[in-house]
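Two complexes, one shared chain (subunit A), two partners (subunit B, subunit C).
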Partner chain A sequence: MRNVAVRNWVIGAGTPVLLLAAWWFLSANSADPFFPPLETILIRFQELWLFDHFQSDVLLSLGNLFLGFAIAAVAGVVLGFVTALVPPARWMIDPLIHFLRGIPPVALVPIFISLIGFGTQMRVTSIALAALFPTMIATVDGIRSVSNDLMDVARVYRLSRKERVLNVLLPAAMPQIFSGLQVSLQVAFIVMIASEMLGSSQGIGAMTLLAQQSFMTADMWAGILLLGVIGFLVNILFSLLKRKVLSWYIGSRRMARAA
Partner chain B sequence: MKESIRPSAFSALGIAGALVIWQVLAAANVAGNALPSATTVFATLATILGTGTFWSALGATLGIAMLALAIAALAGVVLGLLIGSFESVRYATLAVLEFLKPVPPIVILPLAVLVLGPTAEMALFLVVFGCLLPIVMQTVDGVQGTDPVARDTARSYGMGEGEILARVVLPSAMPYIGTAMRVAAPAALVVTVVAGLLGGGPGLGQSIYQAQAAGDYASLYGLVIVLGVLGLLFQGATRLAERRVLHWHESYREVVP
Partner chain C sequence: MSARQAPALPTRNRKSTMAQQPETRISATTPRLDVAHLAKTYGSGEKSHTVIEDLTFTVDAGEVVCIVGPSGVGKTTLLKCLAGLHPASSGRAAIDGRTISGPPPEMALVFQDYNRSLMPWLTVRKNLVLPLRHLKLPAAELKERCDSALAAVALSHADNQYPWQLSGGMQQRVAIARALAYRPEILIMDEPFASVDAQTRFDLEDLCLKIRKDFNMTILVVTHDIDEAVYLADRVVVLGSRPARVLKVVDVDLPVPRDQITTRSLPEFARQRTEVLSLIKRPA
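What follows is the complex of A and B.
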């Protein structure tokens, strides 16, 4: 039994290492312009991102990402509460929301470029608006699935409207809100890259696309590598945050399953 | 009666209100000619709908999205069954899949454009890349979630491994695969548009890019509206297809009173 566990662990850790080694050695003397040696890519990675363009491009991209995401998160939750709790508001904006959600988020970027221009403002606006919908829709769903018993108890205890919203509805809808936030974060990441690729000269996405257009393949690979790592890390960090905030919920689920 | 009319009345009011606000903002010239009025956009949209280039772009977008979705579904289910059936394969691929899962296809767009050029193949590749992993992972979950009793029962009836896979494991993974497809179908459309918009691949994404680059804002808005409608249709169609294919599953069975 223990042997199997050890074997699985070795396979699990060994495969990525093997793949990376294969990439390193197979590309070692590559003259193919599209697939430069991994060594060259890593050297360019170090030269570009650590720390020459770190402040001017990496921090800029990440700043836009987090600012846009933060706006989307707050606005999404607030709008979600308003639509879920005020039926006329829900009836009014429901069809509009569904229509806007059907538009690929990246397709909104050209519209914002034409309205606001190419600056940081446009990028943050695009990210915030595109990332708004998943959180908002998840919030509405979360509030609607709060059990009536819970709301009845809150009413019997004569909790004020504010207490009911902040102390009963918000925690009860939290698990769904966080699922929505995770989707929003992914959308925000995609729109961050897209907003930089469409005619901007700053940011990781812009640098990666410019490198591709000027056939600086190693630079392009370095950009792809950085974007991949950022996408992975941002997701991991959010999962950790989610686990921390929702620990009460995960615990209660585990208890319910054990019972 | 009155109760059921009110929501749709408010919906109509909401849509009308949005259109009026749009018209007023455009008439007030808040954004110069970058914000054309609603009437101009819909008139332009009507002209666009009469051109052959629009329909061939629409055809290219739909064709790429659906072909890529079919490839991703087939390859994803086969890979998922393989990974889910063998523990060692599952452990070998775990780290790689977990790393690639949160990486959207737009990240490798420059590489795809470099190698394949601004072509339909490039768009196809990106869409398959974007849709494959979620389908693989859901299929693996589905295989893992197969009821062991059903598996053992099939074995004691003398079914071979292949027959168990086709008759027990695959059907029980079907709802998982259905969920993955419902998420993947709109995503396929989105990635196709992204490949056209940023990578120059054929389809509506390219049309949007050209409209924006030419400063033809009325067409830009018109095309984005078309994409919104298309997205709604895609979501509706996948929901319907899922219901059709999975009508036997308990979450879809209709209760006959």
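What follows is the complex of A and C.
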């Protein structure tokens, strides 16, 4: 049991290290303008992001990402509850959702640029709006799949409406809400980069695109590398939060599988 | 989601309420729970489906009454009407003469499927506390109620565990403890011991009788197990199927306190279970 865990961990951590090593040695003497040596990329990475543009671009991008995602998460859950629990709202919103979810979120960015301009406001709005739908849809699904038995219990014991929403429906739907939030986070990340590439001169996305357009390939690769690192770290943070909030769910699932 | 109002006596049933069903036991006072010509039909028009046609029986204060009938007879539907979860289509169910139109405050329900009736995100103690929050009890009383309910089902040691960490029988005991902490006057149980093993089942049946004695509750148990019904009950309401109606109310004259070994080996026990069984087996 323990040996298997250790082996899996070694494979999981070892594979990326091996790939990086391969990249390092294979690109070491590269003269190809599109594939500069990894060493050059890492030097540029350090010069650009640590810490020259850290505040002006990295923090700016991350701030937009988290603000947009936070707005989307709260609004998505609230709108999901309204949609699931208020029948007229459901009739109004349901078809709209199915239409809007078919549009790739990135395609909305040009509209926002023309509507709101190029500023931070535009970027946060695009991120929030695009990331809203996965959470909202998951919340609606989550509430609808809460078992009738549980709601019967809540009614027999005369829980108030507020208690039924906050103490029964919300926790019962939480596993699905978290799946939605995970997708929202990915969408928020994509739209963050896209909004910077399309309509901004600041931010990691803008820097990376600018580097590509100026044939500064090492800078471009450094930007992509940074985005990868940020995405990885953000996902780890999210998983930690999920493990904490859904510990009951993870535990009960493990128990059900063992039985 | 809020409780819908059950219609009061519809006119077409007014007349029939005058004619009294023959009762096996005449009570001097108003019965605790009074079910009169209760009917439940789902849907309307050609697609309508009558689950319960005309049910009449009573439960007196402090009694244990079991409802038995073949599976699919509509026992769960009946309980949902009694618990105020579904409005009756006609007839009525009343507690102390008051028609049930929503979940009554003096009633608690133990569901068949403990798996889906306990909140998996709450510990055992918090499951007990959830229905009590809106009563705004002083902290000391809240604690005392939970402590004594958990002690009654012998689960004091498990109060910080999650339901899914417990065995099936223990989970059903948590569900019973939740009902006890709520301090209902009437406890309704829907096939409460159907999904536990035989030994646990005997223990839970005795727990049920102990609760009646200690808490002086009126208890209504729905079951498809005839032996269980005869063992537990003061009276057994035998239902016939499709749509459900009362075939007979059987008085159980077994000595108390009951005991899993001696009571079940009495010739009287055999006679009464045979009576109930032959009622159910007989083609309607």
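Some notes on this structure:
Here is the rule we go by: the second predicted complex is superposed on the first by the 244 of 259 C-alpha atoms of A that agree within 3 Å, B and C clash if a C-alpha of one lies under 4 Å from a C-alpha of the other, contacts with A are read in each partner's own complex, and residues count from 1 in each chain.
To be clear about the criterion, contacts are C-beta pairs under 8 Å (C-beta built on N, C-alpha and C of every residue); 3 or more make two chains touch, one makes a residue touch a chain.
This one's a predicted model, so the numbers in the text were calculated from it and none came from an experiment.
When both complexes are superposed on subunit A, subunit B and subunit C end up sitting side by side without clashing. Within the superposed three-chain model, A:Phe54 lies out of touch with both subunit B and subunit C [touch as defined at top]. Of the two partner chains, neither subunit B nor subunit C is touched by A:Trp24. Rounded to the nearest 10, the angle at the Cα centre of subunit A between the centres of subunit B and subunit C is 90 degrees. By the document's definition of touching, of the two partners only subunit B reaches A:Pro104; subunit C does not. In the superposed model, B is the one of subunit B and subunit C that contacts more residues of subunit A.
In the overlay built on the shared chain, the residue A:Gly12 is in contact with subunit B alone; subunit C does not reach it. Contact with subunit C, but none with subunit B, is seen for A:Tyr249 once the two complexes are overlaid on the shared chain.
In the superposition on chain A, contact is made by A:Thr217 with subunit B only, not with subunit C.
Between subunit B and subunit C the least C-alpha distance in the superposed model amounts to 11 Å. In the superposition on chain A, no subunit A position is in contact with subunit B in one complex as well as with subunit C in the other.
Listed in rising order, the residues of subunit B touching subunit A in the complex are 6-11, 13-15, 17-18, 31, 34-35, 87-88, 91-96, 99, 101-104, 106-111, 113-115, 186, 189-190, 193-194, 197-198, 205, 208-209, 211-212, 215, 217, 220-221, 223-224, 227-232, 234-235.
Against subunit C, the residues of subunit A that register as touching in their complex are 85, 147, 149-153, 155-161, 163-164, 167-168, 171-172, 174, 248-249, 251-252, 255-256.
For subunit A in complex with subunit B, the touching residues are 7-9, 11-16, 19, 34, 87-88, 91-96, 98-111, 113-115, 186, 189-190, 193-194, 197-198, 208-209, 211-212, 215, 217, 220-221, 223-224, 227-228, 231-232, 234-235. The part of subunit C that touches subunit A in the complex is made up of residues 1-3, 80, 83-85, 103, 105, 107-109, 111, 113, 116-117, 119-121, 130-131, 133-134, 162, 164-165, 178, 182.
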